[in-house]
Each structure stands twice: as C-alpha cells, then as structure tokens.
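Here the chain labels run A, B, C, D, E and F in written order, and each chain numbers its own residues starting at 1.
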Amino acid sequence: MAGKLDAFHEFRSRMNEKLLGKGNLQLKRFFNLDSQVYTDGALSSQVKELMGLVASAVLRCDDCITYHLLRCAEEGVTDEEFFEAFNVIFVVGGSITIPHLRRAVETLEEIREKNTKGEKAKRGNGQKGKRVKNK
Amino acid sequence: MAGKLDAFHEFRSRMNEKLLGKGNLQLKRFFNLDSQVYTDGALSSQVKELMGLVASAVLRCDDCITYHLLRCAEEGVTDEEFFEAFNVIFVVGGSITIPHLRRAVETLEEIREKNTKGEKAKRGNGQKGKRVKNK
Amino acid sequence: MAGKLDAFHEFRSRMNEKLLGKGNLQLKRFFNLDSQVYTDGALSSQVKELMGLVASAVLRCDDCITYHLLRCAEEGVTDEEFFEAFNVIFVVGGSITIPHLRRAVETLEEIREKNTKGEKAKRGNGQKGKRVKNK
Amino acid sequence: MAGKLDAFHEFRSRMNEKLLGKGNLQLKRFFNLDSQVYTDGALSSQVKELMGLVASAVLRCDDCITYHLLRCAEEGVTDEEFFEAFNVIFVVGGSITIPHLRRAVETLEEIREKNTKGEKAKRGNGQKGKRVKNK
Amino acid sequence: MAGKLDAFHEFRSRMNEKLLGKGNLQLKRFFNLDSQVYTDGALSSQVKELMGLVASAVLRCDDCITYHLLRCAEEGVTDEEFFEAFNVIFVVGGSITIPHLRRAVETLEEIREKNTKGEKAKRGNGQKGKRVKNK
Amino acid sequence: MAGKLDAFHEFRSRMNEKLLGKGNLQLKRFFNLDSQVYTDGALSSQVKELMGLVASAVLRCDDCITYHLLRCAEEGVTDEEFFEAFNVIFVVGGSITIPHLRRAVETLEEIREKNTKGEKAKRGNGQKGKRVKNK
C-alpha cells in the first residue's frame, strides 16, 4: 500500500510543475491564494485544514482528501478527531461519501505507518522530520 | 431585513414538525444523528459547526448556510473567523460560491443585529439569552 | 399556499413555450426525449417518476422535485411511499437534502389539498379529473 | 474482467470493517440506517434499490453504482429494466453520466456472468445461492 | 419583470461592497483574479464569458447565470448563439438544468428590453451606453 | 504514458457499442443529440467543444475532459487557449478542479505527442490524418 502516497506525491509535484510552467500568471496567483488561505490566522491552520478536508470530502475529490489528510496529520490531528470530522462528512454529504471515507481510512493508515517509520528514523539520527507540505 | 431570520425559523420549525410527524422511524433516526455529530467531543462543537458551514457552502445550500451561521454565532465565532472560513469556501469551491457568500454576509449582519438587541434586553431584565438551537 | 403550485404551472408553461419558440431543433428533441423516458415500459411510469423524484432531490432542484411530486401523485403514489422515497433521498444525499424535503412536504400538502377539492368537484359534475401533466 | 467485482467486494468489506472498528457510535448508526431504508415496506426493496442506483448515477459515484447494480440484480431486475433506469439517469443527469453508464454496463455483464456460473454450480450441488448483500 | 435585473444589480453591488469591506486580502485577490480571467487574450472575452455562462449553468447557479448573460450580451452574443450555448448546457447537464434555462430565457428577455430602451435613449442624447460590468 | 489515450479510445468504443447494442431507442436518440449540439452553427464547433471542456471540468468528469481535449485539439485549439480555458475552470470551480487539471495537462501532452508522430507519418506517406472523433 505504501506506494500510493509516494505515487500521489510524485504525480502531484510533477504535474503542478508542468501546470505552472506552461500556465499563465492567473494560475500562479490562484496557487498562491490556495496556500495563503490555510495559514494560521484568527483560525488555526489545523482548523482550516480540517475544513479543507470536509469540503473535499463532501465534494468527493479523492486527491484533495489525500492532500488534506496529509496536512491535517502534519498539524497533529488525532484519529479520534479525524473520525469526528468523518461524521460531519457523511451526515452532510450522505452515503455517497462513504466510498471516499473507505479510501480515506486506507490513506490515513498509510500516513500513520509512514510517520511511525519516520519517527524511528529521526530518533536514530537525531534529526527533525521534514514537513510533507510542498505545494 | 430582520424578517428573514424569523421567516427561516418559522418555516423550518413548522416543516420539520410535519416531516417528523408524517415521517417514519428512519427519518427520526437521521434527525437525531444530525444533532449528535455536532456535539462537543474530541473536536469542539464550534469547530464542527464551522465544518458544517464550510460543507454547506461548497455544496451551495442557503438554508444550511443560515443554520450553521446561527449555530456558529452561538458558539462564539467572530467575524474575523467567519471571513477566514469564507476564504476556504471560495478557494475550494470557486466563484460559484460567491453569491452564497453575499447572502451569508447579509444573514450574518442580521444575526449580529438581533444579538445586540438581545444583549440589551438581557441586561435590562437580568435573564440569560435563550439558545437559538431548536432542531 | 395554494398559489405556489399555480404559479409553478403558469411560469413553467409560459417559459417552456418561449424556450421552444425561440429554441432550435435540438432543444425540441431533448424535450421529447424527456417525456419519452418516463412512459410505461419494462418499468411502470410510476416507478420511473419516483426515480425522477429521487434524482431531482439528490441533485437538489426544487422545481424538478415539484414536477415529479405532481406526476407521482397522478400515478397514485401514497404518502407512505413518498416518505420511503424521502428516506432513500436523505440517506444517499445527506442532510443537505433536508431543506428540499421540507419544501417537498409543503408542496405535497398543496397537491393533496388541490386533489381533494378536485375530487369533490368531479363528484358534483360527474366529469373525470384533467391530468396535470402538460409538458 | 471477473476480478473487478471480487476486488470491489474485498476492498469494501475490509475497509468497512476498519471504518466501523475505528469509528464511533454515529458511524455505526449511519450504517444501520443505510441498510434499513432499502428494506421492503410500502415500496418494495427492488424499487428502492433502483432508486439507489439512479441516485448514485446522477451523483456519479462508481462504487455506489456497482453496489446498487449488485443489489438490483439480486432483487431480480432484468436488463430491459436496467436500461430504462439508465434512460432516466442520462435524461436527468446529462451526458456527464455516460462514462459512468459505460462502466455500469461492464459491471452488469460481469454480474450476469458470475450469476450464470453460480446457477450452474447450484444445480450441481443442490444448494441455494448465497446472497451477495453483506453490508 | 424589469425590476429583477435592477434588484440583482443593487443587491450584488451592495453585498460585494460589504464582502470586500469586511473581508480580508485573500478575498480581494480572488475578486481580482475573477475579473482577470475573462479579459481578452488568446481567447476573446466573448468566448470566455460564454464559457462562464456554460459553467454557471451546469453548476446551476442562477445569479452566476444572470451575471454572465449580462456580460455576454455586452460582448454582442446573439440570441441564436445563446440558444446554441443552451444546447451544450442541457446535453452535458441534463434536464436538471432546464428550470435554470427557463429563468435564463426570462432574464435574457429583460436584458434585450432594457438595451432596446437604452439604445433609444442613447440616440436621443447622443451618449454612449454605460457598460453594466461593475464587479 | 502513450497507452492511456489508446486505452480510453478502446474502452469507450467497445462500451458505447454495448450500450447502444443493448440499449433502447431513447439512448440512441440521446447519443445523436450529443453529437448534433457540437457541430458548426451560429457558434463554431471549436467554441462549442471548448464549452464542453469547461462544463466537463467544473462537473469534474475525467473521461469527458479527455474526450473534449481530443476534440478541441482536432479543432485547432492552441496550448495558450487551453490554459485560458483552464483559468475559467479553476476560477468558477475552485481548487477542487485542480487535480483534474493536472490530469488534463498530462492528457494534453499525450495528444500533442501523438499528433506530432502522426504529422511525421502523414508527411512520409502523403495521407491525411484520420479524425479521432468516432462517437
């Protein structure tokens, strides 16, 4: 399963580069805007990423869900918190969101596994973990 | 403008009563579930209501937006926080959400006006404000 | 409340006439197709109209819901059957469909009232009721 | 092609187990509700599953379409009936649903093939076929 | 009917002002971006406004449809061209878009009436018509 | 990567054949209608295909996007024009459309590569390129 997240990162980075390389000024501005709205402000970055997760899930975009799961995990969201967010998702969005939640649970598992390995590696060499965020 | 919120409450209460009066057990269960998922837990009720607001807005349902604006205001969400939530909404959902945000700003204004009057009334008679939540 | 259904019919007929009057051959063909798919076949017209109702509700179009409520009522769908269809709607589509179901219940009430009056009128003059279908 | 349905079942069962294992009471209640609304009542289970199919298709969720195709087939829906349901789907939902109908036709073929083999196997050992439903 | 367009303009201008007045830098940037993408470039402003119309209609937002109908009319789109755009809309989006097309035809009529009056007024005083665009 | 477009064509042709082979008259009529609305008229086929692309992208259907990218390329749409269309897409539809635009950029690349090879082959044997359109 571990290949899924890596494949997601690889394709996302490669195609974002192409989008921005070939694209115009407006596209660059939108990408900037897309980063700015999730930074700490009156609401914390964590709460905003959780909002991004819920929005992505009720609009049913698996890639967007994966991205916000990763960012939420970086911001320290616990499994219990994730499952309460999932509750809001299926209540607002209905059973049509359930297949996306099944895939979200799989992705979350992979994220946790990866982070566990990362933690062990960090303890081994005394370095701090690199943030996954690379938009 | 003050009539809009009252009309919303009146129609909502009256039709929910009819829905539940004529409806079956499954409908009652769904209404119960819909209340339960927004209660305090690992995530606060405030964060969950903000999630409900964002989900309602990207799915573009004005009545749902009005309901969660009311609940968020009850949970103490500030204007600055609301506008940061609006940022997540238009970035994820695009310009198609802007007409809903225009109406949301109008609704929010009415909520603030009403609460200001309520505050004055409370101070006058020493009673605590009644919660608007009545699902 | 009785004016709502009449207003719906009036606007719908008037604008369909304009759409078809100004529109091209493709539009006419689509309108024909839209009528044909709901006629009796391997599945009854009643079942197809119920499908049309469910589709309209999960896609959240109030005018489409009103139209299919009318047609379902003509095909003899009972209140108990309508509320079981509503169950499928909110389970698949989530709480975002609830405001539409509130309005559907109001529309259904008006349809029943109108038909009750129509029944009395029919008994009085011995004539058969005119079908509402006029697409 | 025969592997697709098996893969669907395997992933679905495994992840539902995880969702429910890690999830909370609200998630369990929603899963129960999701089963209850499709049982026989004023409307037959068959009609409700057809409604679930139409709702899934206009909302364009392939996994949900696969699930309801399976359940409809168990309830004895014929090919002619499926294609009349498809008519309602593309008329209400437009050409955007056509790629999902292409995949639905492929899934339906696999379901029929599997059932034909199952029928032969049953006749061979005198046992009744196991229902696919396992939510 | 003539009041509808005026009411649209009035509410839109008033609430955009409030949105931008209370809103933050990100909101302003999004509004700027929203203007920039429709200007003449490799594709003409007319083609882009037609794209905006089609996007608004398949996503079923009446206010967005009204805005792009106004802008398309300013860019000289003819009735015949509008109805060919409507063809793309209902074929891609299905019958669920038809109620929005009914309202679009009504709005278009009001736009044409208003422009006819404006033309007469212009001829009378020799002034050029003011563009409706005021985002 | 070159296999993706071929796989798209193969599956699309094979399943359309089955859909139409097993399907009924209404389905055939819808397929005809779906071809007719994109032909030259008051608006050029190119503009209509660009509209189809924008509609497909804001409704987020990858197969529909692929089809209209192919058709637009056949109609001579340049990369600069495509990226201006992408601007309309993400502004109207929001960041939820970005993963689809990433995949669109990949598909567009494959289309350009294929056409370059085709051009060379044509020059070699003096034959005109076969149109990809085969609905």
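Convention: contacts are C-beta pairs under 8 Å (C-beta built on N, C-alpha and C of every residue); 3 or more make two chains touch, one makes a residue touch a chain.
Predicted model, so just to flag it, every value in this text is computed and none were measured.
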Revision key, fill the gap. Comparing contact pairs by residue number, the option in A-C, C-E or B-F matching B-C for over half of them is C-E
Study note, to complete from the structure: Expressed in whole Å, how far the mean CA point of subunit C lies from that of subunit F is 36
Study note, to complete from the structure: When centres are defined as mean Cα positions, the distance from subunit D to subunit E in whole Å is 42
Point to revise | Inter-centroid spacing, subunit F versus subunit A (mean Cα positions, whole Å) | key: 30
Practice item. Indicate the residues of subunit D shared as contacts by at least two other chains. Key: 26, 30, 33-34, 37, 55-56, 58-59, 64, 84, 87, 90-93, 95-96
Exercise for review: Counting only chain pairs that touch, give me the topology of the graph as line, ring, star, complete or other.
Suggested key: complete
Practice item. Over in the complex, which subunit F residues touch subunit D? Could you list them? Key: 11-12, 15-16, 18-19, 22-24, 26-27, 30, 34, 55-56, 59, 61, 63-64
Revision key, fill the gap. Per the touch rule above, subunit C residues touching subunit B in the complex are 60, 79, 83-84, 86-87, 90-91, 95-96, 98-99, 101-103, 105-106, 109
Exercise for review: Spell out the residues on subunit E that touch subunit A in their complex, using ranges where they run on.
Suggested key: 26, 29-30, 33, 36-37
Check your understanding: What residues on subunit D touch subunit E, complex-wise?
Key -> 58, 90-97
Exercise for review: Enumerate the contact residues on subunit F facing subunit E in the complex.
Suggested key: 33-34, 37-38, 41-43, 47-48, 50-52, 54-56, 58-59, 64, 78, 80-81, 84-85, 87-89, 91-93
